[in-house]
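In the two complexes that follow, chain A is the common piece, with chain B as its partner first and chain C second.
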Partner chain A sequence: MTAAAITTAASARGAAFRRLIGQEALLAVAIIVLAIVVGFINPRFLATRNLSDILLGNAYIAIAAVGMSMVIISGNIDISVGALIGVLATVSGSLAVAGVPVIVAWLAALVIGVAVMAAQGAVIAYLRIPSIVVTLGMLSILKGGLISVTGGRWITDLPQNFHLADLSVFGAPMPVIIMVLATVLAALWMRHSPRGRAIYATGGNPEAARLCGVNPRRTVLMVFALHGFFAGLASLVYATQLRVIQSNTPQGLELTIITAAVVGGVSILGGVGTVVGSTLAAILIAEITSALVFINVSPYWTDALRGALILATVIADILRRQRRAAQGWKR
Partner chain B sequence: MSVSVETRVFRAPPWLKRHETVLAIILIIALVGLGLMNDRFLTLDNLLDQGRFITETGLIALPMTFIIITGGIDLSVGAIVGLCAIILGHSWKTFGFPLPLAIAFALFVGALAGFVNGFVITRVKVPPLIMTIATLALYRGLAEGVSQAHSVRGYPEWFYFLGQGSVFGVPAQLLLLIVLIVIAGVVLDRTTFGRTLYAIGANETAARFSALPVDRVKLIVYTLSGLASGLAAWVLVSRVTTTRMDMGTGYELDVIAAVVLGGASIFGGSGTIWGTVIGLAMIQLLKNGLALTGVKGDATIVVIGVALILSVLVASSLERRQD
Partner chain C sequence: MSAALNTEAAPGPAAPLLEVREIEKTFPGVRALSGVSFDVRAGEVHALLGENGAGKSTLIKIVSGVYEPDAGSILVNGAKVEFSTPDDARRVGVATIYQELLLFPELSVAENIFLGHAPLAGAGRIDWRAMRAEAERLLEALEIDDLSPDQIVGALTVGNRQRVEILRALSHNARILIMDEPTAALTESDVTRLFDVVRRLKRRGVGIVYISHRLDEIFAIADRVTVLRDGAFVGAREVAETNAAELVHMMVGRRIDNLFPKTKAEIGAPVLEARDLVRRPLTKGVSLTVKAGEIVGLAGLVGSGRSELAQTLFGMTPAESGEIRLNGEIVRIDSPERARAKGIAYVPEDRGAQGLVRRMSVLHNFSLAALGALSHAGFIDRASERRMALEGVARFSVKTSSVDEVAGRLSGGNQQKIVLGKWLANNPKLLILDEPTRGIDVGAKAEIHRLMSQLAAEGVAILMISSELPEVLGMSDRVLVMREGRLVAEFDRAEATSQAVGTAMMGGASSAGRAA
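Up next is the complex of A and B:
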């Protein structure tokens, strides 16, 4: 690395750090304040059972949002991830029912997840097709393919030892362990390793990144492969919680995952954000969804609220950037 | 080297090399092929019937062509269809509007939804992709919230004319689509507004320095996209006789695939209405042909997804060779 590259990386780290402490602290405060307010209106919201349900039921969204954050930070987008999680859940469930050792069934989800996403990453990075076109096409391929292969049948009679999500280590349930590990390891890797920094460099300015010795294409390919790994992990947590695997995932799953990444402080213009923020945002979104039920708002308003949340965050992010750019010029 | 010798011997006329011409030839081959495989396919009744199904996505594909030519995209169109269908049904049934007023209100809401997209895209400079992903969630959510999952049915008889009636044997909505195709084609090809779209897509900064009203033009095309989605909702509700909150789900895929298949560059600056019309026809005939040969509906969206990716791949590799 040249001296210039090191200085750029250091100052980018400083700026990102200052900015993200803000976003992450804000999210943490929002999670706590919301819990207190809703708990005041309806104390049952604060029951341990409900809080753990929120965390366990949505850990997979936070895990998938880790990969999505990397994709968005690298300056791309992926709207096929919801469909992919559905496909992977069905594949590993079917394998387990067919009598394959559960370890193999779990690994299959990870391997296929990486393969599908790496293929998309290769087309995006090396053939220079915009990520929105590739992932929109892949969304329909996966969604249509899944339904026409399974014929909409549900997978039942899953073997008892398939349910990875039911395990716990030292009293901590597996979904939460995986979520925390994925978030912390990814956050440390992205902040401190050269390859992790390369993601920010590529998203911030691919040409500048190239001149600093980063290979933007290889970085995008790597990001998508990692995103596939996290999608596989998310599908495992999702599928092994279920007693019956249906051939459809929750409606608009990819939007929830994108919302978590964006609300978590990942700038949609690329180059900025952390996965700690996206995980906190995933928890906040799940908390809001649950809170609506407890304050007697119809759950049919959840999606509108999610849309409003992502819109407000995006607009605030862009306005903040513009203000900063204007200040920079004045100096 | 042998390639260059051959091109010297036979030089194809430029019109033959146009993307639209190539597509039209593929379309004719596909038509004949599907016709040979299934004798119900190439009948006038079947083809006119397909005209009914093409209209909803076709109406939206016209402004989508404009948007993609400017280098933008609108992913919220399917959600706007859902929102407008719900507004139409519920303002009539639940709020007791007279039906014509309910239709007008739904169209207004569609245009407003598109205007909001365009306003934030031009004023706040949010990238169109992100803005319309956000409003995709928001508008679909509003449709769910307003409807509370209740569907509306039992419209008066006259309301079904647009979706089910015919004029001289031609489906009513197809006539509407044809009129709008001609208008859109003329606007794009022969007016300052249309040429401005290409200028924006080719080089937005240059267009601004040429004193073109870039923001106003963009605002207009996104508003038109919302209005067309409202119109599509009206046609759709009239055709299927009921209003549900999940209407229009996935329309963005069909519409964008049609426009891109029709030769519009996803990077902006090129594209024609005629290409889009051929793209629309290809997608619908593909769906219909596959359905008639026994392929189920879910498998056809796989084919559309593949067609979308392949057409962009081929187009971009051709562009690179020309460079």
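Up next is the complex of A and C:
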């Protein structure tokens, strides 16, 4: 390669780098600008208390969105995760109340989360049933099963040491630590390991991946198992913040998690995206929800706004793709 | 809309049903048709013959209104017509039966026949009874007694489905029927029944354009034959006055391609030795040997089982029986993973679907087949990965702004170089190439041929499948010909002429009985 060619390659590499971090940078800017604007209208929005509430109250969504991003990048989707988080919270809480050591109660959430998701992953990968069908079925089973088993009773009198989320390390609250760790480790793994790369290849073109020695089925199974682990973590952060665990989760939780992934830059068609983006998007969505309260907009608008956000992101993604096609995206 | 019949040319008594004159069609970078003329009379079967890429498909797409010609004219019953949609063609009585049948498997025979123009009983209601009666009438007209209007199409055999398509064409009062390789997927008895139907259609005065690769069929059913080559008209013959040798000669011509001078490589010990490989339905006992430094060309028509053989050798569809030796050692190849581990590389036919992850970067595509070798302790060595991709880009002269560019944005030729290049990181001993230069421009093609020569010189054994005879003849040290799942002929470079290989591919006149 000539020196000139290397220079162009280097500058193009810079361009590619910018393109790669584009969505993340955009989200980070959006988070800051929104805080400043809303802070101007109502300074109480910027109170430390409120900002930390936003983070602590929504860290579990960002954690679940890490796993969801992997699932969507691999070319699948999961709509059962909201219901699963509810079930895991109940199981974990019930065990703790029953006097089981809290560490076992916590581990139970992780193990069951992995087991349920791995089972779904196996059905999707090996029986080749579309993930939306499998997880829709699981959503109903989990939701209906939970109400039937608990009879809608609330879990109270949780032992003091159950509340993992109340802990902090060097002043950093546990939910934020778990969120940051989960995001950073998953991002590094996705970017630097052969298995992470296999997820992108499987979502991008399973047949080409297979010919290159990647096993797309095993990859999908692995992705769902990991997603189950993150769902377990999310349920722990969620459940151990509560004093009372009800047998339901916030309405539309799975959609909020999917929205975070998509707004974070994960292509709904698979093969493209990062978990850093999904975490930033989860924070942005939480911030918007809180901001609406502070500028006196009816909370009923939250859902509509979240819907508009997801549509805008997907449309932007498609338009970008079409523009690329117009520039000569070749078959 | 613009199917306007204009009457400038008065329909004479001898006017053919359909006539095309001096049709030209150019696609970006490719001249698909240059001045092709052709006509069909009532009650005649006129065969269109030519290699892949000769322009047959383009021609029938123009006649059936899918493409508009750049120049030239189409006449129906002696009157000039212009088609801008397939519907325009249908309205003047031109119907086309494509290789992929366009039927609705969940619907009945009658519903399929009348889809879109069902008899109505007023107020927009479908008159089911009339529809059924009409379907019965059509079945009787073609003396088809083993189909009923109520059968569900999805449950029918391919041959029967094809007859439903023919009935659908007749229900539109088609006067001109175009059949694109109608026997490609048929069993022998289905072929016989199809020919019966074709003969009855002839008697009813329908003009038939019949496209086929199979010379024996042309002699069995056609009255006239027109040969195309490289988008140009070569000649037309009365079937009664020609023979297979002449037609093959017209099809393949005497082109010599000096585009890719093959360099001579030293040929060493056998790398691949396959014996009696069987994988139903299309690999029926194949034995072949490819030696180090040797390029073996595998010729054959589409559907002869070439690609299926490649997929069996690469473990995508493992052999049911037979033996594969690599470097003298018996190996079992039951997955692409295993094949790769044994030093086999495979560049698939369909680059878009099988070769490339178009949304990933050039860098990541290059390393995808070598991730294991590039990783330490579960993590990819990003520096080596980048070095490998940069080397590949330089060696294969991939034209890209950077290795971080998204692979799907490169041209077809450059994409193909990546697909080829990513395998070389594994230092394969055997390279299987399926249509390595299909759909890429001449410059990239020459470069891929240069690379093949270079790899052979390094001692790689190469098995190349190609539908382009000049490519096979130009690149191969040895040519194997496959037909109907078997190897039927073998030629050394010196004796491999287009005439000889072409005849072996078609089955020549000797197999006029259509060997199953």
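Convention: the second predicted complex is superposed on the first by the 310 of 331 C-alpha atoms of A that agree within 3 Å, B and C clash if a C-alpha of one lies under 4 Å from a C-alpha of the other, contacts with A are read in each partner's own complex, and residues count from 1 in each chain.
The working rule: a contact is a pair of C-beta atoms (placed from the backbone, for glycine too) under 8 Å apart; a residue touches a chain by one contact, two chains touch by 3 or more.
The structure presented is a predicted model; accordingly, all values stated were derived computationally and were not measured.
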Touched partner set for A:Tyr200, first chain B, second chain C, both or neither: second
Per-residue touch tally on chain A - higher for chain B or for chain C: B
Partner chain(s) touched by A:Ser140 [first = chain B, second = chain C, both, neither]: first
Which of chain B and chain C A:Arg306 touches, first, second, both or neither: first
First (chain B), second (chain C), both or neither touched by A:Gly271: second
Which superposed partner A:Ala209 touches (first chain B, second chain C, both, neither): second
Chain B versus chain C as contact partner of A:Arg128, first or second or both or neither: first
Partner chain in contact with A:Val97 - chain B first, chain C second, else both or neither: neither
Touched partner set for A:His192, first chain B, second chain C, both or neither: second
On chain A, positions contacted by chain B and by chain C: none
Contact footprint of chain C on chain A as seen in their complex: 1, 8-9, 12-13, 15-17, 192-195, 197-198, 200-201, 204-205, 207-215, 267, 271-272, 324, 327-331
Touching residues (chain side chain A, partner chain B) in the complex: 77, 79, 123, 127-130, 132-134, 136-141, 143-145, 147-148, 252, 255, 258-259, 262, 268-269, 298, 300-308, 310-311, 314-315, 318-319, 322
Chain A-facing residues of chain B, complex: 73, 75, 120, 124-127, 129-131, 133-142, 144-145, 147-149, 250, 252-253, 256-257, 260, 266-267, 296, 298-302, 304-306, 308-309, 312-313, 316-317
In the complex with chain A, residue positions of chain C that touch it: 314, 316, 336-337, 340-341, 346, 348, 352-361, 364, 367-369, 371-372, 374-375, 378-380, 382, 390, 394, 401-406, 408-412, 415, 422
